[in-house]
Each structure stands twice: as C-alpha cells, then as structure tokens.
Amino acid sequence: MTASFIRSDDFAAFVTALIEAGPVYGPVAKRSRFAFERLETPEELRLDYDVTILPPKKLFFPPAQDLVTFDGAGFRAALEPTEKVLLGVHFYDVKAIDQTDLLFSERNYDINYMAHRETTTIVASNIQTVSKRAFFASVGADVEPQGHDAFLTAINGGYVLETRTERGEALLAFGAFQPATEAQIAEAAAVNVAALERCPEELEHGTEAIADKVRAAFQDEELWTTLAADCFSCGTCNTVCPTCYCFDVQDTWNVDQTSGQRTRFWDGCLTEDFAKCSLGEGACENFREERAARFRHRLMRKATYLNEKLGGPACVGCGRCSAGCTADIADPARVINQIMAS
Amino acid sequence: MTTARIRVDHVTRVEGHGNIVVNVTDGVVEKCEWQVPEAPRFFESMVRGRHYSEVARITSRICGICSIGHTLASIKATEDALGIEVSEQSWKLRELIKHAENFDSHVLHINILAAPDLLGAPSVFPLVATHGEVVARALRLKRLGHEWGSLIGGRTTHPMSIVPGGMAEVPTTKELTQLRERLLAAVPELEATVATVLALAPNVPAFDRPTEYVALSNDKDYALYDGDIQSVLPDGTKQRYPVADYKQVTNEFVVPQSTAKYTKNKLDSYAAGALARFNNNYDKLHPEAKKVAEALGIQPICTNPYMNTVAQAVEIVSDVYESVGLLDELIANGVELEPLVEPTKFGSGAGATEVPRGILFHEYAYDDEGMCLGGNCIIPTNQNHNNIQHDFDKLVPELVAQDKSEKEMELALEMLVRSYDPCISCSTHYLDVKFVR
Amino acid sequence: MSKPKVAFFDFTCCEGCQIEFTNYGDAAFLELLNHVDVVEFREAMSEKTTEPIDIAFVEGSFSREADRARLESIRERAAIVIAYGQCSASGGINALKNHQSDYKQFVYGADAEQPQLDSQKAQPISAAIKVDYSAYGCPVNKYEVLQIVAHLLHGKEPVIPNYPVCVECKRRETVCRYDEADHCLGMVARAGCAAPCPAYGVPCEACRGFVDHPNVPALEKVLVERAGFSQKRAADKALMFNANDLEALS
Amino acid sequence: MNHQCHWTDVENIFLPREATIVCSEQATPSETHFTLKMADGQPIEYEPGQIVELSLFGYGEIPIGIASSPTRKNTFDLVVRSVGRVSGAVTKLGKGESVYVRGPLGHGFDLTKLRGHDVLIVAGGIGLCPTRSLIQYILDRRDEFDRFVLFYGAREPSLQLFTDDLARWRTANDVEYYETVDRGDPSWTGNVGVITTLFPQVELGPETRAVICGPPIFYRFVVRELDMIGIPRENVFVDLERRMKCGVGKCGHCQINDKYVCVDGPVFPFADVQGLEEAF
C-alpha cells in the first residue's frame, strides 16, 4: 500500500472530515489519564497520550454486551454494529487486537466480537509518550502488529500515513494528503524505532526461555504464595489487559418482568468466584481457591499457555496491569524477571 | 363534651419516628404531647478520630432526605475550621445542588406525603388509581430533582462530589446545558403542580399561631446555601446573627418526652422551614415565584403552620428559576475541574445551610493532623419540635371547642406534624458537646 | 394470581434507602406497582398491615434490645426478609461508634444513663432474626434493588457480586484514586454499586461491606505505602461502614 | 484482518434453539430426568459424551451432558440436578414446556479408540448421566465392542439414577454391571463402600479401555486402580467438569491450564490432562 504525508496544519481538517463521515474514536484526556472515547472535535484527540486506562478492546468487546434479548414473543440477537474509525492505537494494542481477533474467530466464530471488529477501521499511531511501566519493546519482539488499516507517525511538520489495507487507503480521501517522500518515510521509521528504546521496563529473557521456566515454576507454591501475598483478587490486572477477554453471562429481567436480556460482562480469573462450581446442597468446589493459584493462572496464561496458538506471549507489554495494580504486584516484567533470576 | 385518647405511635409519612399523645376528658385537656423517641445515633461521637475529608460523608448519613444539606453544612463548617475558601464555580455548583435538594424534597412532600391528607387518602398508592396523572407527574418531577442533584453531586442520597475544598468532580458544560433545557421543559408540570396545590388550598385547615421564624438570610438572594441567621417576629421585626453565634439563637434545652433537644430564641419557640424562609426572605423571592405566591394567596408574615406546604410550592418554582439563572452563569463561564483548595489552618468552625426543613447548623473541631475532635449538629426538625408542641397546645383546645371527633383531632394533629415535613431521624443529639483540644 | 405483598420497615437509620425507592421515575415505579402490592411503608403511607407478607424490606440497624420483638414479628409474618441497606445488612455507619466506649457520655454527658437514650452496639438485623438476602449499600443501588425484586418474583436467587469495586471502576474506565494521589477501599469493597464514588472523584468507602475474603493486611499496607497514611489511620480507615466486620476479622 | 470470513455470513453461536420437554421424571429428590425434542423437528446430531448449553430466559444458561445415545433418534435425554439458579428453575418444568439449547458442544468419547476393545466405565453419582450416552451406545451397537464392564457408585440407594436402567443392567448379559453405595440402608443388599471396592470383584486386562466420570476427588483413586491393572493412561478417558459460561471456548471459566473443557473436552484422554497441574 501507500505512504502519504499530511501537514500539521491540515490534520485537524482531516479529523473533522472523518468525524463528519461517521463515528470516530480516539484517545482523549480523562483527568490525569487517557481513554478512547468518541471524538466530538479534533482538539480532543490526544495523540501524545502515553497509554489509555482501558485498551481499545472495549469497542469490540464492550464491558457489558447484550447477546440475546427476549420478551413474550421470543428471543433475538442484540447485535447492531456500526461502521467506525478507531484512531491512534499504539502498536502494542494492535498486537493485542490481533490476538483477540484470533481467539474470537478460531473454532467457534463469535460474531458479537467480530461484527464490531470488522466494522472498524483501525489507524495505528506512533508512541509519542512512553508510559511509566511499559515494556513493549522486549516482549514478543518478533511478533509484528497486523490488524490495522493504516499507521500514522508524527514527524517534523506533519504526519506520515502508511496504509495497509483498502480501508486504510480510503482514508486518504478525507484529508490533504500528498505522497510521502523517501526522507519522510525514513524519518517515520526512525521515530518508531526510537520509541522502542524508551521503555522504562524490560523483560530480560526471550519468549521461549520465559515460557519454559515460568511453566516449570508452577509447582513452587512458596513462590506463588509470596508473589500473591498482597493480591486483592480485584481483577484490575485482568480488566485493563488488552489480551484478557474472559466474561461472565447473566440473564436479567426488565421491570415488566417478561422481557429481558442475556448479557456478557467482563470477568477476570483473579476474582474469587471465577472457577467456583456449585455441587448442590450448598456445597461448592473452587478449582482455584487460593489467591496464589489465581495469580499463577494469569501469569501462566500471559507467559506460556497461549504461546503456541498465538505465536508469541499473550502479553504485549503495555504496562496497564503494572500501573493499575494498587498493590503493585501484577507487573509481568518484574514477576517474570524475578522468576528467571531464581 | 369531647373525650379523646389519641396515641399515634410513629407518625407515618414523615421521616423518622415521632409520637402524638393527647388525653382529653370531658373537654379538659389533660395531656398533649409531641414525643420524639427516635433511637439516638451518636454522630457527634462517631466523627471523632476521622479525617476531615470523611466527616461530611459520615454526617450525611444523619438523614437520607436532607443528606445534600447535611453534606453542605458539614463541609462549610469544616472549611471554616480549616480556613478554606472555595472558588466561585464550586460555590455556584453547590447552590445549584441545594436548589435540587429543595425541589426534590418539596416535590416529594407536597405530592406524596401531604397531598393524600388533602385528598382524603391514606397514602399515595390509592391515588395511583384515582389521581393517576398527579402521581405520575409527581414521580416525573421527583425523578427530575433526583437527576438534577445527581448531575452535580453524583447522587442525591449521600452525594459524593461535594468535598472540603471544592468539588471533586464537575458536570460538563454540555450536561449543564441539557439540565437547563430540562428545567425549562418542566415548567408546565410545575404550573400543573401549583394548580393542584391551589385546588387543594381550601382544604388547608384554618389555624394561626404567631411565632418567631428563623432562617438564613443574605442581601443577594433567597438564601438557601449561605447567609447569616435571621429571625423575624410576627410584627415584622428582623434581627441578624452571624452563623458562628448559632448557639445564642438555638438555646437548646432538655424536655423529658424527647430524645431530641428543644430550642427557643426570643419567644417561647420558633419555626424553621419553608414558611420561615418565606417570612424572612419574601423580598428576595424570584419574580416568578412571587407570582405563584400571589396566586396561592400566601403572603408574609404567614402564621398558619399548615401553610408550610404551600410555601414549599412557592419554593419549587423559585428553585427552578434561580437554577436557570445559575446555569446561565456557569455555562457562560465554562465549567472545569479545579484542584481542591487546601487547608490553611486547623481549628474549629461552624457552618449553616438551609435544608428543605429549615436552617441546619454543623460545627467541628480538628487537630493538627486534620483529625476530628468532635462535632455538634443542630437540625431543623429539632428546632421545630418545640414549635410543634406549642402549636399542639393552642390547637387541641381549639379542636375541643369545635367539638371535633377523636378521629378528626387525630388527623388534624398528624397533618400539623406532617406540614412541618419533619425529618426526625436527623435528631441526633440532645446535650451540648464540649470540645476537648 | 394476587400480587406479592411487599412491606418496608425501618429501624436505626437515615431512611435514605427508602427514599431511593421514590427515585425511579414514573414509568419504572408505576410498572413495578403492576407486579407488587405495597402494603406497608411508614415513610410514605399511613396504611399498616398485620397480614402475612411475601417480601419484607427491613431498613436500619438493630441497636436497641427494645427493637427485637418488632423484628421477630416481622420475621414471623414475612416469607422473605431482605436486609435493606447497609445499616441493616452489617450495622453500617451506626457501628462506627461500636469501638468507642464513651459515646453516650460524649453526646449526652450527665444524662447518658437516661432510659430513652438506651443504645447498644449497632448490629445487623441478622443478629436478631434470620435474613434471606441483603441489598447492600449506603444507600442501596436502586437498580440492583429492582433486579433483586425481579429475581425474587421469578423465584430465582438474586445475583450479588462477590468481586471488588475495582472491577466496576475499570469497567467504566474511571481514573483510579491512587493515580490521583488519593486513597480508596475499592480493592476490598463488595461491588454492585457500579463504582459511583471514584467516578465522582472521591474514594470508595466500602459502603457495601467487604468481599468474602478481603485482604485487610494488604489494604493497610497500600494505605500506608501509597496513600501516606499513619499505621493507625490505615487500621481505622475501613471502620466507617465495616466496624462489625473488621472486628470479626481481627 | 488476517482471516477471511465476514460476520454477516456466520451464524450466531449464542442463539439457542427451542426444545420441548416430552417427558420429565423426578429421578432422585434433587435430580430430574428430561426427554427433549427440538421444537423445529430437526434433531440435534451428537456423539456420546457431548454437552449442550441448556437455558431458560431470565434464569441463564448451564452446561449439561447429554444422557442418551445418538442411536436413539429424535429425542435426547438430560438429567439436571437442582443446585442453583438455572438448574433450580429447569427442574421445576414439566411435560410440554420449553427450554432452550445450544449445541451439541465439545468433544465426546472417541469411539474409534473404544471400538473393538474391552470397555470399562466407572461412573460416580451424577457422572452416570454423560456416560449413559456411551452405555446406551455400546448396548445398541454391542457387537462393535468386546467385553463391557460398568461400575456405578452412588452415595446412598435412594440417590441412584436411572433405576429402570439399573434394574435391567443387573440382570442383562450384554453388560457386566457392578454397583456400590457409600452408605447402605435396610433394604440394600448390595455392595457398600467407595467405588474402588468394586475393582477386586472383576478380572480386568491391561488392554481394557477405561472411561471415568464422577466427582472431582473420584479421579485420583480410580486412576490408581487402573494403573495397578496396567492400563496405559492414553487408554483412560476422563469426563471433566468446570465452571462454564459460554460453552464455545471463549469465556475462560472452564480453562485448565491451556485446555478449555468446553471445546477441548469435556472428555479427555487421561494422558493429555494428567500433566496439567490444575486438572485434578
């Protein structure tokens, strides 16, 4: 596909044209942090964001999503996807989207995710500010981000937009783009490489070595008990993770007591009841009863369980869990480095 | 000759618990008591050792209906104690939520608690069948009050974002614009509510007892959020006192039939509430509300306590128009989240605000770590207990003279209590608290 | 089929949870009345009943021995008893005085021992009678209450979360209080409220009680290390709504 | 995106189909045996050991093993134990009422591994339900299998399931049936003791293919017996149960290390899961 350039002065008009054409989501400021929100004006767009509180998965896999609605007359699917543009996704989040794309489409194709996904044009953007806990440069370094339609890089005087798909190519019509020069393309590449060098944290070993050693540590109860001693089972590490996608399903009635909905909600394997089974007569069996077992499960899932299927670890190094964990114990880079050093 | 034995345990359609006990034998009133047996809750003690940021969150729980007012009075006292002056934006947002609370509570009281009396129904539920539109409208307006307050405070029962130093979260200008539109769109429903009150006005009992009326007052507006203490006597004499001197006005004293203390100032008792505000601040009333007052035939100084409900109807109109004005100013300036103002000292301070039921005082002392040493809260319903008792003392003989039946007397007394819209679970304390520093 | 009979009762509380019932708006409230008969609701109606009740919502703590008999009579008449609001479910804010021994003297001085001022430790109503379900919160989440009612009307056990408030905070993408140099109890607090406090810029005070197994030592550690609390303030922090549970845990 | 199909061309895996209860029978105080027929007349095609997601709108959805064999067409059986919200509501239903099902889901018993061999089935408690699909299948295609031995353990006689089936199996000569109860009662004349007490009663060879289904603790003890007989673990099949929501390999609840019980199982060769630390 092509590489084009747009001057900084023309960029707002481009975003405005996109907003006028349909819903556009992008990073905006939220108090001291950032979040992907529907844009109302180009000024809100903050491409200099470090990391958003929630990853863009919320657009394809909403925190609460009706799967089926029902009433006296029957039941039906609740899906109504709309075409939209998602602007300003960092490459680590694109890699995470690649993973959830695969996981939601393999074996049993889940249209509740895929419909939202397939109606979204994703424009990735370069990382202007590196977040405090990121380690994206050292995790799954050989896995290339795939699922974006175009890649936007801020360079001197403007932006280079490299298109990857027809959808991406179609964006050019909305702004005053001109073909990018070799020098501009090279500058964009350099900007993106430089971002990799600014990560504050780092995994000290390669994917496979990590996978083997972490898995081998499974039985080390003392290790996991110590690591999880301060864990609140709050599931923040799951909820903010771009590659976590577990959910709960609940039926609820509306006030008329006849109609209602079957809804899926984000769930997290760190929460206490996640693997709890009712056995009857009030008895339960919890397959991961201890905090340590739940903490371990998440880490295993990030570092080993899915590697074969995904072609790399199920962690993209965004650092959201590290920063979000109030007890500051969830950081995969620190935990893995500690295990590797032991 | 009348003989009556009235014993109403836990008067209904009021918040909290109060009893009426009246014995009349052959036309002679032997006993006539308004009793408050509410379980004491010890808030003044509970706040000890809590950080200043938590105190309003605790004392808000004194009362679920006036929790916005308790939060504001508490925070004003804390801000006074900590030497904090909030920004103009915070001030206006707080005024706005104060109006929301007044509106919300009055809508509930007029339509759901008081109207059944005037319509001869035991509660609002039978009215669903007979006066469906009145009930639906009341619920719609109640919901409006709820959403209006929630937009500013996060919710109306125990609001969250009002904190010492300002506002922890603010609505967007867009949300405020939408609120303004909704308030204006509600005007026809307000007019309909006023029309209902007007239609029921002939059912308001004729009874007069001139008393003292105490309310906040300032030179700027029909004081709700802030002002000095003002008293007006039946002859129109007014006097102002600074909030810090609230104890000189309340002069609390103990009576045996009540877990709550009584108050008095210049006369035997005084009243707080919508009627007290109306009598004190009529001249500051919004012109639209004045029109409604005229239409409803109420004017200062009104000495019929049953008219408190009518004064509330005037106030809901005032709340809407005053708020539209506040919204215009807020929208014009644009609203932004501001950092909280930090304490400049740690000491003691008092704060007052008007809650739907009248003037409310809080006072706290803090140590140098910002931890609370103790508090004092004097709530409007407590200030009204003594006035209710004096109303009883005048009303019961009048009812006896009119040869009312026991049932009629009971209803007249219950209605009198309800017209004060009392909030008895607020009744938190009973004796003076000495702060130990 | 006659509609289930629902009644509201109040004990030591601020009655704010009852008020939430009036905040549904006309459509939802009137629709709800198509499915239940409200037979007693002192705060809003004069009617009273001595008949059997299908669902009793009991608000307020059990703080006076004198209230036991009334609670027992409610239990006898009611098929389902719901502890309505945190005062009732755990003792709530009223229990904040439980750890003090001088609260009566502090507030009532010389009159502290007068009989009408009788007040023991504030306890959940479950200290006096069996409770079937709890609607947590100070105040309750009125939408959760609707769901509890809907579930019970269909004979289904209500679904009450056993995960912490952080989950709901994240679902609505609220900036964490700890990121704003504040503190919070969300990590040990039972969710179900939809995390309104952090969303409005203030800490979660765990007004719905704790999750089943709160990590209290870790909470104290975080309050000291991240929020800069003194050890004492950290240890006392969760007393506001959880005095009884903290005592039980220690 | 790196895959080609389009969402509009794919069916929604979360939409269930209606099924009518043609027979409902209280099997034990807490378990109900249902015979279901798809409302649109299109029977579901399934293998022994597969599951369905059974639902009632407003109550929710739960995984249930199919308790009948595909060799018996048109209808299928489910046995539901009332333990909670959905199961409690379903077990109140009677003949003529509707339920909703998605499925069949997951992997059942690999018949190619069983055919032509001696087969031992060890079922404990409600574990008899999913294995009943295989039992029926074997009995219906008896000549495809060699020796057929069945062990069934219940906690007490009154909790035995499928009592008509049991009565037939006790006297049948196409199955060697052994049963036990943990606690007897005055009318019980059979074996009393845990399931492993049945092993000394039969001679089994290491060529036997074994199937195990029962409560979580059951597996460890039964596998130990099978080890002693010398049955290689790839010839032992286990039917696992985990918390489950979606049944289609997404929701994550049933995950055991990297396996999803709903799509990779619920039937697993023991050799594939024995190394999974969280499996037993």
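The first chain written gets the first letter, and so on, giving A, B, C and D; residue counts start at 1 in each chain.
Just so we're on the same page, a contact is a pair of C-beta atoms (placed from the backbone, for glycine too) under 8 Å apart; a residue touches a chain by one contact, two chains touch by 3 or more.
All values reported here derive from a predicted model rather than from experimental measurement.
The interface carrying the most C-beta pairs in contact is the one between chains B-C.
Among the chains present, the centre nearest to the common Cα mean is that of C. Comparing the centres of all chains, each the average of its CA atoms, the largest separation from chain C belongs to D. Put simply, the C-alpha centre of chain C and that of chain D have 43 angstrom between them. For the pair chain A and chain B, the distance between C-alpha centroids works out to 50 Å.
Taking the mean of the C-alpha atoms as each chain's centre, chain A and chain D sit 38 Å apart. In chain C, the residues that reach two or more other chains under the touch definition are 154, 159.
Residue numbers of chain A whose C-beta contacts span two or more other chains: 31, 250, 252-253. Chain D has residues 58-59, 84 in contact with two or more other chains.
Of all possible chain pairs, the ones that touch are A-C, A-D, B-C, C-D. Within the complex formed with chain A, the residues of chain D that make contact are 1-3, 5-8, 10-16, 30, 55, 57-61, 81-84, 100, 215-216, 241-243, 245-246, 248-253, 255-258, 263, 277-278. Of all residues in chain A, those touching chain C in their complex are 30-33, 35, 53-54, 58, 63-64, 229-236, 239-240, 250, 252-257, 265-266, 268, 271-273, 291, 323-324, 326-328. On the side of chain C, the complex with chain A involves touching residues 27-28, 31-32, 35, 146-147, 150-151, 153-154, 159, 162-164, 166-167, 170-176, 178-180, 184, 186-188, 211-215, 217-219, 221-222, 226.
Residues 10, 12-16, 37, 39-42, 44-46, 48-51, 54, 57-58, 61-65, 67, 108, 112-113, 116, 122-125, 128, 135-137, 139-140, 142-143, 146, 153-158, 160-161, 163, 167-169, 254, 259, 337, 369, 371, 374, 425, 429-433 of chain B are the ones touching chain C in the complex.
Put simply, chain A touches chain D in their complex at residues 67-68, 70, 75-77, 79, 81, 98, 101-112, 114-115, 117-118, 146-147, 218-219, 245-253, 260, 262, 264, 267, 269, 274-281, 285, 287-288, 293, 297, 300-301, 304-306, 308.
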